[in-house]
């Protein structure tokens, strides 16, 4: 924190909920450096203003996916969201927990069903570099020079795509973007049994091509592209079977 | 006979690994943390699965721990590790001179290394500084910090451990003799306060151990030493790239998912609960990182963050203090029974720290149960959320 | 058209989804043809009852209109059902909706065919 | 162990389909698609009922045609045409991308199709009100 820089005053309006009590918002006015991240400010609210504030966080650099939340109504990974990008000096930042997940406390949501489903489609966390695609189906460009390297997959399981999905909003049974993307990444060729999971009433066909999942994804997974790719694969399979 | 009851304070690396170890040894475990899993130093670790090469010259004790644990972790928790190896590269004459000590040190610590010509190294990693003078291949790796902790926590949970997250310890419960018999906690999710009793309380709060021991009126020699790390937006390498020299600032660049992460610095702080990211350190990381991988200069910054190492001991500066760990039985150190403190160490040695702690606990409680964590594979970290009591 | 199968598969299956897309495509094609044909056959549009009757005397028109009707009604009902599915109806509600939509579909098409037959009869009288 | 999510969601949340605050262009496309879908379905059945006039003979139908020549009805008709244009053109995009075609270009495609729909509706409107 350099002292030469101008500081901003920002009002943080934070969603609060404890136990069975009704929810409300608490206001905190903080002096912030505009180049800080939203998560830094939230951590400071906890450290210096209200020790009862609960929020999920771990890595602070977008590899763990724990700190997904709504910043002014938009799904953000708060650890890489600069304050200067979402508010102005003197402005207000409204912080809410992710949508479409049950709230446990304040900004903490229950993601057990989400992880259940990720496990169901066997979303792979460590993948061969040659298997991982960066958005749009483009191959990762990093050099491999013939050797097979393994890497942690792009999907950090933050749940932002589920929070942004309007279909998940009204139908929690819908598997949702991250899950379908996980199935696509795992591959119908590798795991033919995934067909049954994705080609069901709450699977692939519930997507209405809104593309919000891809818009909010902080990790270039491009779930919407993966859903469309999965549709293409399943459609091709179905039609082939019809004419055989 | 009912199970011996252990309370573990802290759900960072040491806490979850100790929970796993003690659960396997038949303990009834309750883990409490004031936040979620790995919300402090552990989650913000650089993510380097050390081969030990970094400490092979100046801190052989740590180096040996690292290479042993590196091998074990690759075996028991492969689902959270990028096992692609690392390179130590020399850029100037000082680095070259260090190279001799490095070879000797690695040999002494049984760290397998392979010398590469600069051409070979550049073929492996084309984004390396083209002016490197020498390179050594070592068995480094990268892990996902949160998922590494979750895998231990999940396995502990599957063996019956209970996790009370977002639950802050507000005090220790002492009996008439001044021995610790339990803890007072505040559940921050519903604002309830209650007490938990146990046969032993393990203080595994890393850099924060002093806050817990202070509740018993005692002190441990701990020097919290934060460091800054910076993540960049492109995966420029598959190997961990280390500067072939004494550990210093910004001398490691790690691949992680679609990023590279440069670290670290070393400084000291007073207030542990909020340590600001120092801007000059961020600039330094960019400069030093670019000496190893020049392409970093043309890559967008993705995030800057810091973590507070729990370094042991007093005296000496942050870089010269050993990275090893220590388990304090407060019966021996201060005559207080029922409390054990584990701190120091590195992420890579989390399992060994847990083994040591569990040994101390078993010895104190007169329980003979062998450590099996070297062999037992961990279950998927996702099971932590799927098992009941799940956030 | 809309089918209600017993058992767990009362939701949106591949075939219904596929039919929605294919009928959508056909509607676009038929509307295009409709506009072109209308432009040449009945310049200025079908502005009087007599125009309509005359239009339906062209043999292909009643067939085309019936096909169009079936396709549009299918597309509309599958689409509407798909919106209802997003609202997570209970099994019983969904089964009821399935049957209701089958009935609406059949009634609409039968009614349309009857109407076209009346017009065609007027023309040939 | 799959825990059943609460049944509370559903209709009470449907308002979120139509809330574009903070959302990307995809939500606008979706909102318009869903509104036009509902509007066109309503029109379809209204249309079928109204055409029943045809069965009642020339006077009834021509009388009906006269009433719908007033500007308010023409405007209604224009709305139907605009809705149909939008729904059809956006449908092309949704259909194509659903078969894995042009997914990376879908945003650009949307803007083009929307432009065509707006332009088409304008041309229809001018012709209908000047005829």
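Order as written gives the chain letters A, B, C and D; numbering starts at 1 within each chain.
Here is the rule we use: a residue touches a chain if its C-beta (ideal position, glycine included) is under 8 Å from a C-beta of that chain, and two chains touch if they have at least 3 such contacts.
It should be emphasised that the depicted structure is a prediction, and the values quoted were computed from it without experimental measurement.
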Problem - Which of C-D and A-C has more C-beta contact pairs - result: C-D
Exercise for the section: Would you identify the chain whose C-alpha centroid lies closest to the centroid of all protein C-alpha atoms displayed? Expected result: A
Exercise for the section: Would you mind pulling out the distance in Å between where the CA atoms of subunit B average out and where those of subunit C do? Expected result: 65
Handout entry: subunit B-subunit D separation of Cα centroids, rounded to whole Å
Key = 57
Practice task
Just give me the whole-number Å value for how far the CA centre of subunit A lies from that of subunit C.
Solution key: 41
Problem - Approximate Å spacing (C-alpha centroids) for the pair subunit C, subunit D - result: 16
Handout entry: Overlap residues in subunit C, where contacts from two or more other chains coincide
Key = 86-88
Handout entry: Where subunit D touches two or more other chains, by residue
Key = 1, 9-11, 14, 17, 34, 94, 98
Practice task
Identify all positions of subunit B at which a residue touches two or more other chains, and write them in rising order.
Solution key: 386
Handout entry: subunit C residues touching subunit D - in the complex, by the definition given at the top
Key = 21, 24-25, 27-28, 31, 47-50, 52, 72-73, 76, 79-80, 83, 86-88, 108, 111-112, 115, 118-119
Problem - Complex contact set, residues of subunit B against subunit A - result: 35-39, 42-44, 47, 78-84, 123-127, 142, 144-147, 149, 166, 168, 188-192, 229, 231, 235-238, 255-259, 261, 271, 273-274, 276-280, 302-306, 380, 382-383, 385-386, 390-391
Completion exercise
The answer for subunit D against subunit A in the complex is residues 1-3, 5-6, 9-11, 13-14, 16-17, 21-24, 26-27, 29-30, 33-34, 93-94, 97-100, 103-104, 106-107
Handout entry: Complex contact set, residues of subunit C against subunit A
Key = 8-18, 82, 85-88
Handout entry: Complex contacts: residues of subunit D adjacent to subunit C
Key = 7, 9-11, 14, 17, 34, 37-38, 40-41, 44-45, 48, 51-52, 54-55, 57-58, 61-62, 65, 84, 88, 91-92, 94-95, 98
